[in-house]
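Two complexes, one shared chain (subunit A), two partners (subunit B, subunit C).
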Partner chain A sequence: MRFTIAREKLQEGLSAVAASVPAKTTLPVLANLLVETTDRGIRLSGTDLDMAVSTELMADVDVQGAITIPAKKLVEIVRELPSAPVKVSASGEQKITLECSRSKFKLLGLPKDEFPSFPSIRFGESWRIRSGDLQKLISHTAFASSTEESRPILNGVLWELRPDQMRMVATNGHRLAKMEIPINATEVPSSDLIIPPKALEQIRRLFPAEEELEVARGDNHLGFRSPFTAVYTRLIEGPYPNYEQVIPKDNDRIALADRNALIQALKRMSVIASDQTHRIRMSFNSGMLKFSVQTPDLGEAQDELPINFEGDSLDIGFNASYLLEILRNLPTDEVRLTFKAPERAATIEPVGWDDTAKYLCLIMPLRLVD
Partner chain B sequence: MSATARRILLADADAFYVAIARLIDPEGAGKSPLLIVGGSRESRGVVCSASYETRKFGVRSAMPTAQALKLCPQAMCVPVPRGACSRKSAEIRRVLQRFTPVVEGASIDEWYLDMGGTEQLYEHEPLERTAHRMRDAVRAETQLSVSIGGGTNKLVAKMAVEVAKPKPDNNATGVHIVAPGDEATFLKRFLLAEIPMVGPKFVVRLERAGLRTVNDVLEHQLPELIRWFGDREGQWLYDRVRGIDSGVVEGHGEQKSMSREETFSTDVADDTTLERELFALVARVASDLRTELLSARTIRVKIKDADFKIRQAGRTLTEAVVSDRVIYGVARELLHELRKRRRTPARLIGVALSGLATNPEPPQLALFADATASLETERDRAVARTVDSVRRKFGQDAIGAAQLSKHEDEQ
Partner chain C sequence: MSRIAVLARTVVDQIAAGEVVERPASVVKELVENSLDAGATTIDIVVDDGGRARIRVADDGSGMERADAVLALARHATSKINVADDLVGVGSFGFRGEALPAIASVSEMDVETASADGAGTAIRVLGGEMGEVRDAARRRGTTITVSRLFFNAPSRQPFLRSARSEWRGISEVVTALALTRRDVRLTVVHDGKQVVALPPAPSLQSRLAGLWGAPFAERLVPVDAVQGAIHVSGLIERPADVGTAGRRLFLTVNGRAIRDHGIVRAAEQAYRSTVPAGARPTLCLDVVVPGDLVDVNVHPMKAEVRFRDRWIVERAVEHAVRHALGGSASAASVGPRAWAYPTSFAAPASVDVEILSPPAPLEEGFLAQPTTDFVTAADSSFVAPTPEVPPLLQLARMYLMFEGEGGVVLIDQHSAHERVLYERFMRTLEQGETPSQRLLFPITLHLGPAEGDAFEAHQELFAKLGFEIEGFGGHTLIVNSVPMPHPRFDAPRCLRETLDALSGDRDAGVATRHERLAATLACKAAIKAGEQLSPGEMRALFVALAATTLPAHDVHGRSTIVQLPWSEIERRFGRS
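Presenting the complex of A and B:
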């Protein structure tokens, strides 16, 4: 195999696929990238077995072939190379030479047959989704998924596809984010897919907003592709918890607040909140929201924020980190918070959002101990 | 030394395991001067502790029991009375805690006490007097004897307790306090190998420089020691032989982790047996946890494979837990992970709890009604509380999980 590629082009390709290479692995070939020649140039691919990313780059190919190259070292080398064409050649399967201007490197690869094959995706039955819509859904919901290993289903993001709308929901059992966007895609098969957020992050990052993506299923996988780049991911199996049931319908205490001011106050309270629970107390009264936090062995803090509040006054405890994460993702300057009681779910949503999408977040309180 | 000199004690239970083995079996072990605790003639276990009488035959702790019994064939050998040991250990700790709130358990039978700030309380009586009263209280309430060493820091207290321990060949009183300012003089009598943290490898390096005793080191200046042993170790050695140690007594609530482990008499290859052993360990460590009024967020499982390779897996939960059910649920999954990665017979299994908190944090309420978010239910905690109170009243073995009872029968 032998090809020549612009250093910038190669670096761009590497930054696309490098995130799919696992930091630690028991299978040595996974620390490598698969490099194959194609009709148009070369294709770089990486995988951690849960997800795979592959991207095609323009290059001048002299001799066809395929090899695997240690990903971390290749990234480090290309980062330091001067801006000049990079010549890559492989003699046999394992000895790789990389030359750029006056620099020369020799690397040991692994045979390409050891590289796992990509899951088979039925792109023949694919449907089309605008990348920008997906980006919007992902960036507003995926943060709410769980990172605990105790319940794998919550480690995923639910993607509900219907011909007239699509929706993403993520929760860790304590807080939840849900967004839906109207679409008009009659060819879309109605389905509920549970996707690991790590793959969604790559999808959000790698495809430009204006691109139309082809999406298709395999037996237990999902594939997303544009003309040059593809992301494959494992799906998480199982019924997603019935989130509709927990969305409160009768919350009758309503607060309107300035999002930024709320974030600033919460950040101040977080300094004193416990590192483990992040517990703060919020007291809602007509016209004023009072914050307080008391952490044994550390100290206490109070703050106030003028707000618009309707309903009986309320004392409620929250994990300040959960609140902050939600507020940072809300797209408007003003936000609405609704409550029923100190131990019932609260909702948070944007006010006056000029968008076709609908966005709602839920958060469960922390029990206050007086 | 100034008036602000620290007042640190180390209480060390005398022949702890031997004493307890005799206490719970007065007719057998209690009447056998030659007593070895731990392992058996057939097993690969090691000596956990041996009576002073057997030590004359060359029997030492951590020696394979089979070898010990060759040296001293007439000795009686009993298994380690684990339940009784942890119960007695907690009893001693409770007595010590009456004298000062800052008690750090260094092991099951050693406790550091920071007596700083108790001067007024004890009307400025000499530390030696307080130590003797402590010793009497422990003996009266637990039928066990402790020796107490004291001084201005942990190192001196640790060295002093060795001098304090009554042995057949000395007339020690069980208490030895080194007065502030006398640390360096006191330490002169020791070999370097006797200083805590000086291991066999360091001893070899010290001997290469011609250093065997504390006195040998005192003849050299700091720059020389640094040249021989490097900045860190040179300085450390220089301080140590002068009795300088700034280590703090980590009081109650500062405890970082609790653990329990079991070495099998023969390697175990079968998952069901491993699970059952794990379950028994969890029941013990969870009981320890609750006895100390703590809860834990992180659970770790350790396996030592037949080839001595040690592997661990751990998980941190969203909330602190106390119940056998939840801890075992997580521990079992961790065990499966470890076994999936490498399936060889295991010679040891252990479980450790960390991320300890004194009072359980208020629970984060859950969105979903099923047991998703709240790992531990009020029912779990109630079961644990009930089991604990039955055990307090009727003894450690009065109640246990049904799945372990078969195991007990086999023993």
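Presenting the complex of A and C:
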């Protein structure tokens, strides 16, 4: 194998793929990147077995071939190289030589055969999704997924694909985020997919917003593909909890508030809130929202915010960090909060969002102790 | 013939002897106490055949003049009190003046005594009959030899047990003497073999080391606390070692060795949640109580005392022991101890390191904050800043390691977290309710009958701890909200395992039920071995552990903290 590639081009490719290389692994070849020649140039691939990323780069190929190269060292070398063409050649199964201007490196790789093969996904029957829409869904929902290991299904993000719309939902059982965007995908079947957020983060990061992606499903994998880059991910199996059922329909106490003012007040209260529960108390009255927090062994704090509130006054407790996360992700300056009772779910939505997407967040209260 | 007659003096003395002289051990006790009351600094005891053949106690005390010596062998002759008022707050051991004549009445007794070096007196008494009184050359002090005990009391002889059993009784007396009076040089020879040779000891710990060996002494942590007018001091077993060897109990009140179940119970109470149920710690405690709060003259053998207010004393003991266990010296130490202290007279072990102190130390007061202060702390709302946290390293996803003052310190992450949660749950159970997070998707638990019963028995307590649970017919539970003791908390699993663990329980008192539930829940809710902790989580755990009342032990009595002392590390590197 021998090829020549611009140093900048190589670095760009490496930064796309390197994130999929696990920091620690028991399988040595996973610390390497697979480099193989293609018709158009070369392809770089990395995987941690849950997720795989590959990207194709233009290059001048002299001799076809493939080899794996230690990812970390390759990234470090290329970062320090001068801006000049990089010549890479492999002799035998393991020896790699890398030359750039007057610099010369020899590295030991591993044979290509040891690199795990990618899941076979046929892109023949695929959804076509605009990358920007996907980015919007991911950035507004994935944060709400669970990081605990007790319910693996909640570690994933549910992606529902329907002929007329797609929807993403994530929850950790205490709060939930849901967004839907209209699409037109009548030619393929509806599908419910549960995707690890780590892969979604790569998808959000790697594909330019205007690109159209092909998305196709294998046995228990999902592939995302643009003309040069592909991301594959394992799917999480199992039924996602029936979230529709827990979204309140009859919340009749409604508050309208300025998102930034709300965030500022919550941040102030968070200083005093308990590290474990982040519990704060919010008292809604017509015209005024009062915050208070009391943490044994620490202290207490109060704050007020003029708001627009309809309905009977209400005292309710929340985990301030959940509220803040949701508010930070809301796309508008004004937000609407709805409530039913101190032990029932509250909803938070953007107000006056000029977008085709619909966004709703849900948060379960903390019990107040009086 | 008149049927009622005044008894002969010898008979009266024999009857009294039955009260004072039960067995050879009581002879040793009486003689030794006399020696101590005479201000002896050296006591040499010789015992033959378990004391059945011969007991000799020699001292270097004040000795007696000839006239006094003769009088001492008469009944109720004592130098220790004169009038009845002296009985209150009596400070010397013997005072009734009946011991010597009583012993003399049932044995062959030889008394040699001198109040100054040289001119002494020797008296022989045979079965209570005063024999020859002659001059003897002797250094200052008294030697009393008691031979053929009970030779003239055939009714008592059958009650003498084997030499071995009588010897055991004597060694208990000697032990008590050695521990109460560590300023006294003490030797004991049994059947020609020297069994005890104790120099005056600078500390209780070194006396114990001399008596029972250095490794034993090293398992003990010091107790020293004053509550009101009561001072409790001594040594108690480190919880991690409790149950690994036979238990030894030694209790003194105002320097007098006694038995007292109440005090032992109070001390054991203080071990609660640090040792497995049923494990009995070794205790060596001295309680100093003002003389007017205690009556020592309630037991013929003076083995028990009566307190004016027993509750105050027991509370002081419990407080003192708990305080000692809260200190880090009670954390387990590492390394084979036998190497470090090869001779039985080695200096006491220096295990009293402030284990949780990094080079910038935590305040002792912070570690030792008593539980009762929590209420006020919550009210006043502003407390000390968090302690300085040393750099922590996680090992094997199980232990946190840092450099302490005395060496490398390891913390078991699960045990430590368990201790933190246990104390938090106990506070919640005692003082009110905890925040609880409503669940979007209620958890359904299907229980077996035993678990179902366990849930019903503890339903209110679960509610207090933040579990909102509805019964749903049969043994199905719907959990609507759960507490959030830490971000990795797995509520369904914790609840299921807790109910499973509780299902074997019989009904217990409310307090123990609280403890049992809090301990079980803490165990199930705590982070497990094998979980990787972020640096922030490690710091938070360290700070929380330092704030607990008993940081060195988890609720099962295992150690949470282990120290590898520099001395051990240096030894292994061949630097010492």
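In this text, the second predicted complex is superposed on the first by the 370 of 370 C-alpha atoms of A that agree within 3 Å, B and C clash if a C-alpha of one lies under 4 Å from a C-alpha of the other, contacts with A are read in each partner's own complex, and residues count from 1 in each chain.
Keep in mind that, in the parts below, a contact is a pair of C-beta atoms (placed from the backbone, for glycine too) under 8 Å apart; a residue touches a chain by one contact, two chains touch by 3 or more.
On a predicted model such as this, the values are computed, not experimentally measured, just so you know.
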item	value
Three-chain arrangement built on subunit A, subunit B and subunit C clash or fit	clash
Touching partner for A:241 - first (subunit B), second (subunit C), both, neither	both
First, second, both or neither for A:176, with subunit B first and subunit C second	both
Partner chain(s) touched by A:89 [first = subunit B, second = subunit C, both, neither]	neither
First, second, both or neither for A:275, with subunit B first and subunit C second	second
Subunit B versus subunit C as contact partner of A:302, first or second or both or neither	neither
Set of subunit A residues, in rising order, touched by both subunit B and subunit C	148-150, 171, 173-176, 241, 243, 246, 274, 276-277, 279, 317, 319, 343, 345, 362, 364-369
Subunit B-touching residues of subunit A, taken from the complex the two chains share	26, 148-151, 154, 171-176, 241-243, 246, 274, 276-277, 279, 317, 319, 343, 345, 362, 364-369
For the subunit A and subunit C complex, residues of the former touching the latter	147-150, 171, 173-176, 241, 243, 246, 274-277, 279, 296-300, 317, 319, 343-345, 362, 364-369
Subunit C residues within the subunit A interface of the complex	377-378, 381-383, 432-441, 466, 468, 481, 484-493, 540
Residues of subunit B defined as touching subunit A within the complex	297, 315, 317-318, 320, 330, 333, 341, 357, 361-368, 370, 372-373, 375
